[in-house]
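Next come two complexes built around chain A: one with chain B, the other with chain C.
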Partner chain A sequence: MTQNKTYIHDYITIQNNEIVLNGTSVFKIDPTDFADFSKQAYRNFEIQYPKFFKMDALSKLAFLGSELLLSPITVADKENNIALILANKSSSLDTDVKYQESLSNKEDYFPSPAVFVYTLPNICLGEISIRHQLKSENSFFIFDAFNPEFMSNYSNILLNSNKADVVLCGWVEFFNDNYKAFLCTISSEENLKHKNETINTLYNK
Partner chain B sequence: MMREVYITETNCITPLGFNVKSNIEAVVNGKTGIQQHEDSSLMPMPFYASIINNEELNSAFEKISTSKKYSRLEKMMILALEPIIKNSGIELNSKTAFILSTTKGNVTALQNDSEESFQNAHLDVLAKNVSDFFGFITQPIVISNACVSGILAVSIAKRMIQSELYDNVFIIAGDEVSEFVLSGFNSFQAMSDLPCKPYSKNRTGVSLGEAAAAVLVSAEAKNAKIKVIGDSSINDANHISGPSRTGEGLFRSIQNALKEAQIDTDKLDYISAHGTATPFNDEMEAIALSRLGLQTVPVNSLKGFYGHTLGASGLLETVIAIESTNQNMLFESIGFDEIGVSEEINIIQKNEVKNIEFFLKTASGFGGCNTAVVFEKVKSN
Partner chain C sequence: MEALKAELKNKIIATLNLEDIAVEDIADNDPLFGDGLGLDSIDALELIVILDKDYGIKLVDPKEGKTIFQSIETMAAYISANRTK
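Coming up: the complex of A and B.
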């Protein structure tokens, strides 16, 4: 396979009540829980997407990160071949635990389909695909810790094999109100903004 | 020149048998693993599912390990992988990857409140337990992409081999029938009250099942069972819990996979489809196949034999389809009676001898995901 050089275009980090885009803090509030933080972030960026409020926390986290990276580069009514490659440690366990709790009460046994559907980590990829109309490659991986080598290799494979024009890749971890998202866009188009950086150095900033 | 990619070893652990041969015998004889179960720890009312017998599982496992620390699913996965790792003689070095595909993994561990049990519900822990049993030295890659996980793993393994990151990739795909999953499908009113009937007029939903399937994907043509020649995995971008009405994601996945394989639709001899037997899924597949002009290609769903084994299904059904191809026999789509989708598609109604050169495997799942992979029979030397 031809190994063309690929470039990181934009990146975003969401953690500790703050959103940092390309190294610049774009939203920060006093410590609060994720439900409140995500709602305030949604309002701050004047996002118009009521479905957001039905999502579980993992999807909200992935949605917010992708929103700021993808909105400027997606064009309505045009094909956007942007692959989504996300990973985390806790899969959908935050919602799995809530769903499991709903099963433990045998007297009041009404498992909810609206909760069950979020007991899959790849649902957040579906949410992002719907939002930006991305009919594109997508897969969700689980690792014990952020694995920049795999994410970078696999993104390059998709770009070099022409399965995607751009890859949105990163880490979206959420469990019990502990969260961190790191997402970046990569493509073969030359971009020297982050030429001395790798996914790993940006993740650890 | 792009590297060629093959599947050289296969195995599966299912209610129909603990190796490929016994599974094929059962399928040829029209035997299904789906039975009625009454087990209030799984479901308040009786239900149909395809479940592995615990005594058989434990006794098979005792033959390869005396350790008591493995979960039911881990035993299934280790049993599926063990003979193929041994047979292959492949060194588990830095060029040998390990992919584990699952939808829910050890989710049953959540029934227990302890911290240790909670850790075991993590998919990376499941992967490490299985990986350490065999001594892989590369970090396990876990794919959890709903019901396409098992076949998506083949596609990802192929891509990693083509890029020369690895020479060999062992894949295990497995899922278990649990209260968690049964109640969830039931909450969607997606469960069939009889053994599932894919593509039939009177289908009412899925029967769930459990299985583990394992394959070795390799750059080495020696002992190849099949060649992997094209793949694609495109999201519908339509709905998180229902398929696109036009089958757009599946349509594009198949189109891309055929394009990469450089074959026209009329070359396909067989399609191993997803066919969960829910009204929407089967209809969506029929529309996608029809839009591609694949109405006359023989198609089956193996869900009538195994139930829906979630993340295992795509790989298990690939293992069976490889045998179908190499034995030149189309297997009956069990449970089918009268066509119940709006587009005419060619459901295989009884076992039939047919030369198969190329086949297509597809799957679709929650989150709007779809995967299509095209395989080519290996010419004997």
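Coming up: the complex of A and C.
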């Protein structure tokens, strides 16, 4: 397998009511909860995708991050070979707890199918794939903390084995309204913008 | 019946998180699925839960849903005829 050099192209961080794209704040509002923040972000970027409002918080977080990175590089009606590798610490626990609560009262036992479908963390990968018509490789991992070395190695393997033209990888953590998303796109195409920066330095910016 | 139709529209908007749709946007005979409101299969399951939870109707044959959930009009008619609460 040829080992081509790979490059970070664009990156995004979402936390503390702010979205930072390639180091520049592109959306920031006064402190509020994630439900309100995500709705305002959706309106701000004039996204037209009503299914967004049906998603759980983890999927909304992953969707918003991927939307700003992938929309400029995906082409409708064309196969976009973009692999997705995401990870977090709390899996889908935020939604799992909500679903468990809906099962706990035997006298009022009406669990919601719409909540149930989000009781797996990798559902957010499906949401991104549906939105951008991706039929490419995707994986979701659970780690104690963000693992940039793993992300970098996995991305390089996918790119060097021609399994993907671009990799979207990163961290999407959500539990009890505490959240952080860090996503970046990586490809073999040379990019001077982040030439000497690593996933880890961008994550910690 | 008109009050029930309005109630159903409000419940559907709230339960199915139809953020960009108002009660006035839903005509009584608009299809709920396909070209109408564009509901999907998970939404259909939520409608079954609404029937059970709010009107005491348990659908024994899921195929019935296709007829019942055609529109607000058909839903309201079915609920009026079969509700236990």
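Please note the rule applied: the second predicted complex is superposed on the first by the 205 of 205 C-alpha atoms of A that agree within 3 Å, B and C clash if a C-alpha of one lies under 4 Å from a C-alpha of the other, contacts with A are read in each partner's own complex, and residues count from 1 in each chain.
Rule of thumb we're sticking to: a residue touches a chain if its C-beta (ideal position, glycine included) is under 8 Å from a C-beta of that chain, and two chains touch if they have at least 3 such contacts.
Please read all numbers here as calculations on a predicted model, not as lab measurements.
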Partner chain in contact with A:Val117 - chain B first, chain C second, else both or neither: both
Touched partner set for A:Leu103, first chain B, second chain C, both or neither: first
Touching partner for A:Leu125 - first (chain B), second (chain C), both, neither: first
Touching partner for A:Asp144 - first (chain B), second (chain C), both, neither: first
First, second, both or neither for A:Ser91, with chain B first and chain C second: first
Per-residue touch tally on chain A - higher for chain B or for chain C: B
Partner chain(s) touched by A:Pro50 [first = chain B, second = chain C, both, neither]: second
Partner chain(s) touched by A:Lys135 [first = chain B, second = chain C, both, neither]: first
Touching partner for A:Pro72 - first (chain B), second (chain C), both, neither: neither
Doubly contacted chain A residues - partners chain C and chain B: 110, 112-113, 117
Of all residues in chain C, those that touch chain A in their complex: 16-20, 38, 42-43, 45-46, 49, 52-53
Touching residues on chain A, where the partner in the complex is chain C: 39, 50, 53-54, 110, 112-114, 117
Interface residues, chain A side, partner chain B - complex: 1, 3, 84, 89-91, 93, 96-97, 99-100, 103, 106, 109-113, 116-117, 119-123, 125-127, 129-130, 132-144, 147, 150, 153-154, 156-158, 160-161, 163
In the complex with chain A, residue positions of chain B that touch it: 2-3, 44, 103-105, 107, 110-111, 121-125, 127-128, 139, 141-146, 152, 156, 159-160, 162-165, 179-180, 183-184, 186-188, 232-241, 248-249, 252, 256, 365-369
